[in-house]
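Each structure below appears as structure tokens.
Two complexes, one shared chain (chain A), two partners (chain B, chain C).
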Partner chain A sequence: MNNNSIIKKIGMQKVITLGILLLLLIFFSLANPTFRKYTTFLSLMGYTYYIAFMAIGVTFPLLTGGVDLSVGTGLICYALAGGYLVVYKGWPVWLGLLIAVLFGVVIGLFNGFAVAVLDLPPFLATLCTCMITRGLGSICSNGTGVPWPNGSAEGAWFRNLFRLKVGGVSIPIGIIWVVLAVVIMSIVLNHTRTGRYVLSIGSNKEAAKLCGINVVRYQITAYVISGFFAGLAGIAFAASFATIQPGLGAGFELDAIGAAIIGGVSTAGGYGTVTGTILGVLIMSLLKTGLPYIDLQANWQQIIIGIVLIVAVMIDIIRSRRVSA
Partner chain B sequence: MKKKLFAGLLTVALAVGMLTGCGNSGSDDKKSGSDKKMSFEIVSKGFQSTYWQAVYKGAKAKADELGVEINMVGPNTESDVADQVQMLNSAINAQPPAIGLAALDTDACLDGIQSAMDANIPIIGFDSGVPDAPEGAVYANAATDNYAAGKVAAEGMYKGIKDKIGNGKVRIGEVNQDATSESITQRGLGFIDKMVELLKADGYKVCVVGNDFYVGKAKGADAKEADADVIIEVAVPAETTTSACQQVAEPVLQKSDTIAIFGSNQVSAEGIVNANETLKVCGPDKIVAVGFDSGSVLKAAVTDQTLFGAVTQAPVSIGENLVQLLYDVSNGKDVKDVDTGCQWYNYQNITDEEIAQNLYD
Partner chain C sequence: MGEVILTMKGIDKSFPGVHALNHVDLEIQKGEVHALMGENGAGKSTLMKVLTGIYSKDEGTIYFEGKEVSFSNPKEAQTAGIVIVHQELNMMGHLTVAQNIFAGREFRKGSFIDDQKMIEESNKIFKRMNINIDPTETMSNLTVGKQQMCEIAKAISHDCKVIIFDEPSAALTESEIQELFKIIRDLKKQGMGIVYISHRMDEIKVITDRVTVMRDGTYVGTIITEESTKDDIINMMVGRVIYEDPKTKSNVPKDAPVVLKVEHLNAGKMVKDVSFELHKGEILGFSGLMGAGRTETARALFGADVKESGDIFINGKKVVINNPMDAVKNGIGYLSEDRKRFGIVTGKSVAENTTMATLEKYCKGPFINKKKEKKTAKEYVKRLATKTPNTEQLVVNLSGGNQQKVVIAKWLVRDCDVLIFDEPTRGIDVGAKSEIYHLMNELVEEGKSIIMISSEMTEILRMSDRIVVMCEGRKTAEINIEDASQESIMHAATLRD
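After this line comes the complex of A and B, so read on.
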């Protein structure tokens, strides 16, 4: 009885997700001893940061019943633009990072405007910005790859924001920023007017409008949050990987959206949590890092991730049927 | 009935008008073309790595020297086969005197190549060229002999690992960005074949595992995995990005019996270098890592000996030779393949003039 109420409080889907996460961890650790190494954990985190930021952001448009397909190509575009100014124009790194985030916010505003004011379907509007940011990234970087400062180069300090090196040991302190983002955005979602309005728009847009909620404003807010976090994801990506190549990023958004859905965010909007999303992110990045360790050819990894997503969506459908029944 | 007849006549009239219209505009183009500078269309594999920028630099310099114009285009990434096919089609529609082409996937480009042949536009291949193209379509290639370049990498690496073989089973990793493009597959296979040859000459049993394409094409590795002294493991990521290459490189680098690893282009070599940022397993007295091409990341890694060495092509020379061949073929000269060559470099000779000129950031 007591147990049941705890599960109910946390939410069934989160319990299942957490269980799958643990099972996967145990499975990979048993299947390949090298997976248990600390260095594997470090690289797992490297893949987690940018997906985590993208997913936290994209959770908000999803909750309004929309979607943001532009976060994947967007994050590459923002990282290219910021990095180009730093590497080829000699701008200070902090300014490059700021530009990346601001760029994300601007694109988020644009998405919000297209969806809320112009009333375009979110899928269509953000698909267009997905293409726009892909091209824009190439233009911003003059078509070349951008190697953000690395190793002993001046300005390489920003990589320490995610992976601090203390006496030869790397500490994945990027976790701090992700946890911080989860806590803040959970509070925003559950304990502020913005969060409540975002959820009510997703549950029933017309009803929200009739209740006097400024639907346009809060829809735009959701897309700006998504763009802001895509900017952060761009920074995390730049810090974790060597060179950023124009044209990358298509398909990244599916990792983030998939993670949110695995974590229990309803595909129809109106239901979901940030903590659920982050659990979904961990499953995604664990699959991406772990599957190569069991000697699975790369194309099979994508198939397995696809199947996991189908299962997650089916759970969502079953749940919403129960709710309506 | 009358209406129908009228409509039919009108359609025929319109069709005739359109056809003659097209014919006219076509010949106009040609006339104006002869007054202007000669202009060549070049379809590359993309501009995403600095390697392609260096090719462009060479091509542009040669074009300026010869007083011709070039229009070099390329898809966003080397995965965008369909985009490249479209670019080839628009290049043909521009009716240039000759086209330069580095095909991502020859099969996908076949229709375009055929229409270039029908329009009597000669094609000059560059970089990986246009392997298995129909007879007579490609007049010449300006390219690195990639199979030979892969062999150079194997020979360079073998010097560093010779002493580590013989005490129990060891593993050599190879990260190839894909299993479709001619340059990557030839390089990957050249490396494997030469490595197998060197190992067998020293009396070791070799086995190739991993990606089915490379396992199937590798020559001479006839031992079973259980009996082999040396295992060559080929990893191919699902997409052609540094992060995906890093993902498949990490498990190989973490295996306890791995003594060496080869990344067969800039992207996959950077994936290895970046994986090593956390793993710290490559370097002197550790895993012997060998890269291909250059770029600031690889140059730094060779200098600080994270990479034992790397093989560089001559991208500037590829670009120059390409434009020269385009120019010659459209002036009716006979053209032949040009091997633009490759070089082994390591921390000792990276600053030598003859190496440095082919390295780019």
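After this line comes the complex of A and C, so read on.
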């Protein structure tokens, strides 16, 4: 009885997700002893950071019943733009980071405007910005790769924000930022008007409108949040990988959206949590890092992730059937 | 007249909480147009759904061409020769006329569709109907009237013997109606039995041979159209029995101030030059038949739909209402007729729904004070006697009546001065109904004002202090409760110009 109520409180889907996460960890550790190394953990985290930021952000448009497909190519575009100014124009790194985030916010505003004001279907509107940011990224960087400062170069300090080197040991302190983002955005979702209205719009937009809720404003807010976090994801990506190539990023958004859905965010909107999303992210990044250890390369990873997603969507459909019954 | 082709005898059908059909009889002869009349909710549609196999009957028998039949789905009824032409057209706009007519039973040549044959067959049917439509035309390019003809052609193509028209003229222009009548007369000559459901009294007089009237799920009687007057039919429709005590006089003082004034409101086809006043402490009933434009008027007033023109005054001051946000700011609350779609957020809890329109009152800075929210929700659950285990319960798990109470709570929390109740008791059982009536009376006693849209005559007569009657987007009458009767309201509700 007691156990049941705890499960109920956390949510069945999260319990299942957590269970799968643990099973995967155990499985990979047993299947290949080299998986149990600290470096694996570090590379796992490298994947986790940017997917986590993207996924936390994209959770909000998903909750309104929309979607944001522009976060993948977006994050690369923002990191390229910021990095180009830093590396080739000599701007200070902090300003480059700020530009990356602001760029994300602007694209988010644009998405929100297209969806809420122009009433375009979110899928189409953000598919367009997905293509636009992909092109913009290449233009911003003049078509070349951008190596954000590394090693002992001036400005390489920002990499320490995610991986602090202390006496030859790397500490993945990026975890702090992810945890912070999860906590803050959980509070936003569950304890502020913004969160409540985002969920209400996703559950029943018409009813929300007839309550006198400013539906346009909160829809835009959701896309701005998504853009902002795509900007942060850009920074995390820049910090975790040596060089950023233009043209990258297509398909990243599917990792993020997939993570959110695995974590229990309803594809129809109105239901989901940020903590669920982050569990989904961990499954995603664990599959990405772990599968090569059992000799399953990229193609197999995608098949397996696809299957995991189908299961997650089925759970979602069964649940929404129950709610609308 | 000819021999009987269809007999329905003692048809009985119940839904949970509603006795929809109570031993209803209907008899259709070959070559007759038979009107089926009754108020909204009298059971006409249910009866036709039983006939065509959409609903199964609890009791009774159906004889078709002398044999007892029982259809378990519309397809079976179609195959036997009973077809219904629905009020809403079920057409695929991107396909051609011929493709629509033969949708689902395409002619084939080997494994390919034989479009040529479908076009030929369509032409044959149109010729038989004496109308001129190109079968290769895309459906959405046709006028509504022509689309309706195609729907009829589709029915005929089933080689049907009984054809049911469910308010066929609702969307048609005068000349299209004349064309429709011509076709109906042709079909009649060919010996088909035709059931014609309509609210339009003058059409009934013109086109039908006999009229069967239903009321509250019971069979009232069948009369020959030629030998009866419009008033005879209306009397049969409203009946003499009054179930609930109607209000005998208005409870609103003569000098009560006007809280809401609407002048010359226009919005689309369904709201044409509507003006009215609402006094403090008044329940203003909006009566009319389905599609009279009452909900559309309310939605336009509330800013949920775009209005073309018209002024709104609140407490004598002119206000601009362009969207629901403006309306709510001006103290108007709207309880939609379609609770599931527009009223509640089903996947959210009772507490969340209760504070939905007032959330800023429950916030400190950006944060929601959930304790305060829960306290208010509990208060209103108690005040409205909402049956829910707790305030965290998802609204979807409540019964219709209790869902409605949550919606009412939402607007009570908002403390609106003007509340628009659109079909407040639709789909609600009798017990909860009287609770909601009681609550509405309480609200007007507190000095709130209510606009109540209702299709139930007894509800209108029981609750309203004054009644606005609408027909086809226009206000056709404004009646004080002292002078109101079912007959006078029904007369105004069928007053076409």
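Rule of thumb we're sticking to: the second predicted complex is superposed on the first by the 324 of 325 C-alpha atoms of A that agree within 3 Å, B and C clash if a C-alpha of one lies under 4 Å from a C-alpha of the other, contacts with A are read in each partner's own complex, and residues count from 1 in each chain.
We take it that a residue touches a chain if its C-beta (ideal position, glycine included) is under 8 Å from a C-beta of that chain, and two chains touch if they have at least 3 such contacts.
These numbers come from a predicted model, not from an experiment.
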Simultaneous placement of chain C and chain B on chain A, clash or fit: fit
Angle at chain A between chain B and chain C, C-alpha centres, nearest 10 degrees: 120
Chain B versus chain C as contact partner of A:Asn150, first or second or both or neither: first
Touching partner for A:Asn160 - first (chain B), second (chain C), both, neither: neither
Chain A residues touched by each partner, larger count belonging to chain B or chain C: B
Touched partner set for A:Ser29, first chain B, second chain C, both or neither: neither
First, second, both or neither for A:Thr267, with chain B first and chain C second: neither
Partner chain in contact with A:Tyr293 - chain B first, chain C second, else both or neither: first
A:Thr192 touches, of chain B and chain C: first, second, both or neither? second
Smallest distance from any CA atom of chain C to any CA atom of chain B, in Å, after fitting: 18
Touch list for chain A against partner chain B, complex: 32, 34, 37, 39-40, 42-43, 46-47, 134, 138, 143-145, 147, 150-151, 163, 170, 240-243, 245-248, 251, 288-289, 292-293, 295, 297-299, 301-302
Partner chain C, residues of chain A touching it in the complex: 187-188, 191-194, 196-197, 199-200, 203-204, 206-214, 270-271, 323-325
Touching residues on chain B, where the partner in the complex is chain A: 46-50, 53, 75-77, 80, 210-212, 235-239, 241-244, 246-248, 250-251, 254-256, 267, 270-271, 273-275, 278-280, 295-297, 300, 304, 361
Partner chain A, residues of chain C touching it in the complex: 302, 304, 323-325, 327-329, 334, 336, 341-348, 352, 356-357, 359-360, 363, 366-368, 370, 394, 396, 410
